[in-house]
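Sending over a structure as structure tokens; questions will come in a sec.
Chains: A, B, C and D, in written order; residue numbering restarts at 1 for each.
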Amino acid sequence: MDPQMPPAHPFDDDKLKEECGIFGCVGVADAANFVALGLHALQHRGQEAGGIVSHDPEQGFNSARRFGYVRDNFTSQSLMKTLPGELAIGHVRYSTAGSKGQTQIRDVQPFFGEFSMGGAAIAHNGNITNADALRRELIERGSIFQSSSDSECIIHLMARSLQRNIPSRMEDALRRVEGAFSVIAMTRTKLIGVRDPLGVRPLVLGKIGDGYALASETCALDIIGATFVREIEPGEMVVITAEKGVESSHPFRPQPSKFCIFEHVYFSRPDSIIGGRSVYETRRQIGVELAREAPVEADLVCPVPDSGTPAAIGFAHESGIPYGMGIVRNQYMGRTFIEPTEQIRNMGVRLKLNVNRALIEGKRVILVDDSVVRGTTSRKIKEMILDAGAAEVHFRIASPPTAWPCFYGVDTPQREKLLAATMSEDEMRDHLQVDSLRFISLDGLYRAVGEAEGRNAKCPQYCDACFSGEYPVTPADMIEKGFKMKTAAE
Amino acid sequence: MDPQMPPAHPFDDDKLKEECGIFGCVGVADAANFVALGLHALQHRGQEAGGIVSHDPEQGFNSARRFGYVRDNFTSQSLMKTLPGELAIGHVRYSTAGSKGQTQIRDVQPFFGEFSMGGAAIAHNGNITNADALRRELIERGSIFQSSSDSECIIHLMARSLQRNIPSRMEDALRRVEGAFSVIAMTRTKLIGVRDPLGVRPLVLGKIGDGYALASETCALDIIGATFVREIEPGEMVVITAEKGVESSHPFRPQPSKFCIFEHVYFSRPDSIIGGRSVYETRRQIGVELAREAPVEADLVCPVPDSGTPAAIGFAHESGIPYGMGIVRNQYMGRTFIEPTEQIRNMGVRLKLNVNRALIEGKRVILVDDSVVRGTTSRKIKEMILDAGAAEVHFRIASPPTAWPCFYGVDTPQREKLLAATMSEDEMRDHLQVDSLRFISLDGLYRAVGEAEGRNAKCPQYCDACFSGEYPVTPADMIEKGFKMKTAAE
Amino acid sequence: MDPQMPPAHPFDDDKLKEECGIFGCVGVADAANFVALGLHALQHRGQEAGGIVSHDPEQGFNSARRFGYVRDNFTSQSLMKTLPGELAIGHVRYSTAGSKGQTQIRDVQPFFGEFSMGGAAIAHNGNITNADALRRELIERGSIFQSSSDSECIIHLMARSLQRNIPSRMEDALRRVEGAFSVIAMTRTKLIGVRDPLGVRPLVLGKIGDGYALASETCALDIIGATFVREIEPGEMVVITAEKGVESSHPFRPQPSKFCIFEHVYFSRPDSIIGGRSVYETRRQIGVELAREAPVEADLVCPVPDSGTPAAIGFAHESGIPYGMGIVRNQYMGRTFIEPTEQIRNMGVRLKLNVNRALIEGKRVILVDDSVVRGTTSRKIKEMILDAGAAEVHFRIASPPTAWPCFYGVDTPQREKLLAATMSEDEMRDHLQVDSLRFISLDGLYRAVGEAEGRNAKCPQYCDACFSGEYPVTPADMIEKGFKMKTAAE
Amino acid sequence: MDPQMPPAHPFDDDKLKEECGIFGCVGVADAANFVALGLHALQHRGQEAGGIVSHDPEQGFNSARRFGYVRDNFTSQSLMKTLPGELAIGHVRYSTAGSKGQTQIRDVQPFFGEFSMGGAAIAHNGNITNADALRRELIERGSIFQSSSDSECIIHLMARSLQRNIPSRMEDALRRVEGAFSVIAMTRTKLIGVRDPLGVRPLVLGKIGDGYALASETCALDIIGATFVREIEPGEMVVITAEKGVESSHPFRPQPSKFCIFEHVYFSRPDSIIGGRSVYETRRQIGVELAREAPVEADLVCPVPDSGTPAAIGFAHESGIPYGMGIVRNQYMGRTFIEPTEQIRNMGVRLKLNVNRALIEGKRVILVDDSVVRGTTSRKIKEMILDAGAAEVHFRIASPPTAWPCFYGVDTPQREKLLAATMSEDEMRDHLQVDSLRFISLDGLYRAVGEAEGRNAKCPQYCDACFSGEYPVTPADMIEKGFKMKTAAE
């Protein structure tokens, strides 16, 4: 009866998690079907729930929100028939900032509001850092919130704007909002896309037939056969109709862009293109950099599947050490066991991964992983490798130490839980009891993403707050709740 | 209400499919939990349905059979509590020979029978080639069949045996049966394992604490932390109790063994060990042999994920051509879309795979796949690669042409549907419109699995009927239905 | 996946339908359990969906809304555990005025709003006749509506009130509202009950242990073992806390009361007490009056089950003609067949009712029914009785002709569909092809409910608009939509 | 996931329960739809589960078995489409003799067997008193039982018969069977009906269009619009085809008939006709007899709903004391609350029944009920009546004391649990603490069913073992399990 809550992955538990993927399109028949496909391609950005709103001149706005995977919900013909029209937007989510405890279906986006000039729906990827203050103010003035989501502020701000058309109301609303946001919205006739002035979260534009699509990543354009046109710029708003095409404006004060560098490292799909670069190729290049920065004598370069694979290929290629799949992933673990017995809960990582014993035995093994968050999984994998008879275990990590939480739309543990927040690289090595452990340097990472000179310390080219503790937008709500920013001494 | 039938994978549609995985254990607390884990590790051998029978001295025999994945069914605490005891067996299935149309829950194994000396349950991997004749005879004599499965013959033959104990009744029954079988059975106190005299299908023995486990593959021993002891021999029966351990006998007339060579090529998991060899390593070696037999100048060796990966690694290593993930798999496609809309159905392979355009563009690409069955998927993948701007496409296939159906427990299309049954290698190349297409030779495959001299044409070391048309057991039922064996001329 | 919509009863299709039942209690442990029981006793007032909101000092407000019967939803221990606290309110609904097409779960009450001084939830029985105008005004000012329900206006009006406490905000809101309303509301500490100045819909107060309950009918007090204290008066507001007990006020301008007379005829349960009178006894008395007003020679008085039973008993007693169950109801038709085949759909009334042929054959039968709406069921019942061999069929109806729709919280067909709107009593008799047809007179009905002098034509003691066309509150929204009030000529 | 088990009714808990209803028809399009309707009309004979088997020349045999009500399962168009053909049979069940603990779907009839001359399905109402011995023998000879039902013996005996056609095999089988049985069976072309030589359980024949129907009761003929032809005689077998119509034979040795008298008292629906008599009229007549045998001065005759109603009408008519509905039944209690909270569990009878306080207060009340089994409900109803202020409570029971369990297809408590097995009428009165308690005499009951001379003590005209302890068939299995027959002394 109650929506079944897909619990966190036992294995991916130890990863940072992107909180949302968004998609919209206009000017194509059965737009909601395309949205479903686009969201399916963006499922890695949010597995907990998804929603689609469509509009049809005769049927008006229609909406469906469901817990679970896109492929399990938004593919039934009976449901998709209830979402007619040539204009639709959708959202997949992991969890939002505000929700404590179990998510409710009312927290699932897109959010919809009926205004005097007609309805509008919005889908938001990112996080509003002054949402608590905005919510208090709106309630004081008589707004009734339906969800615990920070994103709902946007639609209430729009409802109260005195502007006479919805795009202008959206500008009004977003100027009050601080933090990171890529937003896709729709009215009865328009598809709207906006990125915050820093451009923290991605948003891309595609063309399909006579219509257009907006998506978090290019892989979602590929799946529907759309052509990638360009990225929406930081601070840009596009208003798209089937008739007039794309109209662009820049409603915010310009600022130096701060795209999330972790999108390159882990969040985005390897077949997406960001900033003109293949994510796969960037990750392979991280492996190359890592092999240069932290070489070690060994017999085998083995990826921690699946996210460590491109960097491992790069590491193997650069180092000349053979590449091999020493760890095999059970492909039937799309999500974890439902309501598992105690025994199964204790299995942990073995349900998802198995060691290829014959390949590992007696070898000096380099394990390449994308990141270390709490370190819990790294430890278990190390044990599996040693149990299988490895002679040595060397960890090479394709990102710098993750020492600070993200407040811009990524689910991170509290700072105290981050291994790198409390330990040096050597301490982590001892903690994990491995023969060596090395992270790529921040400069090495910047080189891998194409900044030949490395990181510009005065004005970093990316948001790298999770590594550096330098937050481009002050996390006001979190500071009110007690979060301590990096001090000059740190 | 009705069991939801997980439909075939749009992508894997063009693969041969193993029909069953089996697992059993004795002498461990909550044995059914171990069986669930073992079946989860064997899920690649059968995704349609699964069943577990357990026995507890106080609660007697209990059984649960479900459509869908192990992880979605046999993990709920409420269900697993209904399966108490230290002795349990289980089965996952793809589909059985006999069933026409929709599978019924009554077709799901294990099958159970109450005999005068107590109950017994059996789980069967393989196919009985004289099942039709046996069924007719048993019905004539008053047996009532509950399923359309060939495997049910075994339990009826056991019920009618005049032997006074169940293992002897099982010997009686299996002597009447022709074809391929690995069987795990249980009585109130005994776990029993048997392989047919040819040893076509695998069966391995493991030790866990004071107890024992039997499984289709060693990867299922790994997941529960059991130690791999040895393979059950062709024609061997083991009767295992917690008290007396393993008692072995050889009830059948000895014959030269004919293990299924396709288990090495595709069916088994890469982290399993068969005949003392790592499946992963064997597949990598197939890639090495293929690079020697069919070299080609190119810029990139790209696996068709996921099954082509080990051979691609071997091919790249042997050829010196860089290895790269030109095709990316959507990890949320564990099984296909339920009840998809027309639009989604037409997406076909794009729902599962996307091309890494930036990596492919302008390159001469070698695609390494494990097999070609109908050729439908190969064609779509070739198109995706060309659309992405590849300069040349060369297919290298890690198995010989699949020209004959399997009658020993593998789901194969009718002979007419097999591309290699009607076309030569060159014709297939033209049909697929690729720059080159080469399969590994039968001798090359034998070398890769460790037969240095290649295939012994007089008495092949493996069952390779799907490639050679030489069937080690006459498929009597199929011949009655009109199947034509290979003639001297072919 | 989608909530299953319990469709209308094939038989009760031809009845007017009460739209809501409400219940709340305070000062008792596990208040939500009592609310579930109370709603179960009020299920006849709304079968489509139900909701409960509870408050606990530690857990805050919690809410659950479900389609279907109370007994099928609000009885599972896992759900009820999510509704802790000593204060709770609930609602069962048939359908609301605003909803076009399929009801959404967001239309299911209680509605909840978070205000700056804390949250409040409301459950509304009745109908707001100026809801359209209020909604337009609220949207214009920036409120976002979540449902299509007229009742949602109340919570938005409360959110925008400038009063500093919730009961005062509720007064503010309800003074803007026209129409019929009995409302139960709750804050973190208070249970609130209000009836509109005319007192159209019922609301009663009960005492249970140290706590209190509010309910639509006394039968809901009986089920939880509460003592009936008194009816809430028309225009009265009660604010109840466990500590201070019941505080009463009269915030509206006094008006002559206009309680819905149809509650006596059909809506309320026969074991409820209204205005100090047993509903069963009132209905029996209607039968007595009817026997006096419209006697006929016959052999059997037969109720149309179940609602015609008390009047039939009264008719038989007064007339001296034997009473007998000539029509038997299938007790397994709690709600109609789900997704019926065409054949079943055509069965109509036979699925619910069967004639007791042996009792009917050759007899002159008086059928006593509570009302005639469209006349469709009456016709089918007459045919069943004649098919069974009745010599004569005489209809006696325990209410006057229903000639006008209700706009105060009752689901009535459009005026054109009401048989009595277009035909005289004689025309209806001919239309139904029965030997005689007589309705009780309006005066006779008033006598039966205890008004010895009959109806006061100048200022009727009840709302009887459905019979008389005299609407005590102008139905503003409906007039805007084209409804024509009774003219002087009619 | 697991079939939801409709638990016993809190109220009806204290009734004997008929265990099965059966229905079949031939020669009508979409026969399964008619079977669904027939089973719906017979739902009072078994609420736990139902099944239908149909046959179509092209599609062969098809079957569906479901837990829950007919109306919730066998009405969905998608399911009914899977049951094509002009020949179908079905079964509703309460529970079978053999099943211990939770019923499995495999225990749900009809049972199906594939024989060498084609398949057959059977549906059985009754109980086989030598089933244990038969089962042991069949297992010894190699039959595999699928269910724990006694009825499965019949199909195994048929499978082993040496006869060349199915009706003859059925005769063979039923000659081995002891106890009570009405059986409906089907082959590919024939509908077959049989009653045991004593005719304990009912079975009637109807005609619909060019086809025929067999049913447990005539009310199931009414619902499909079939004409009642006649009862199948005790010991008669009918073989019906669309072409040849009804062929009758009497394969068993003739015996005096012993129809179950409790079918008149409680099991059958009041609108059914048994032995040429209306069940409703018989029950009304029981009330008349009871008023003569056990008159008492009182103010109100009140039925215990719904089963006591006809006898109460008869009692009131004969005694001249007014009839009134002092107890009102909640019509939404079709079955009890699912998974109820503790609080709800303790509500007991109040969930189903409420007292009409205004009618009862100060009155001397005669409560008419159909039977007293354990006495638990009678006690609760008495308390409700007294709480409502009744001056006196007199119970009048429309059956003799139920002192013996039934072994012929009725679910009865063990003898020790039957109130009348351990107490005299006076002791029961004191136990229930009522002013008077009287049961109808056995002779009075026989008079009411039409035996003017009362019961023939030498050779009773009915099976009345539950009252008299005189069992017409020795309950062999139960005696083996320790049941003690009535001794000469008793």
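In this text, a contact is a pair of C-beta atoms (placed from the backbone, for glycine too) under 8 Å apart; a residue touches a chain by one contact, two chains touch by 3 or more.
Chain-to-protein mapping (UniProt): A, B, C, D = Amidophosphoribosyltransferase.
Just so you know, these numbers come straight off a predicted model, no measurement behind them.
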Joint neighbours of subunit D and subunit B, given as chain labels: none
Centroid comparison with subunit A (C-alpha atoms), farthest chain: D
Distance between the centres, which are taken as Cα means, of subunit D and subunit A, whole angstrom: 62
Centroid distance [mean C-alpha coordinates] between subunit C and subunit A, Å: 51
Chain centre separation in whole Å, for subunit B relative to subunit A (CA means): 37
Set of subunit B residues in contact with two or more other chains: 76, 78
Full enumeration of touching chain pairs: A-B, A-C, B-D, C-D
Interfacial residue positions of subunit D with respect to subunit B in the complex: 1-2, 66, 73, 76, 78-79, 105-106, 113-116, 136, 139-146, 155-156, 159-160
Complex interface listing, subunit B residues touching subunit A: 30, 33-34, 36-37, 40-41, 43-44, 47, 69-72, 75-78, 80, 219, 222-223, 225, 269-271, 273, 277-278, 280-281, 284, 306, 309-310, 313, 317, 322-325, 328, 330-334, 336-341, 343-344, 347, 350-351, 354-359
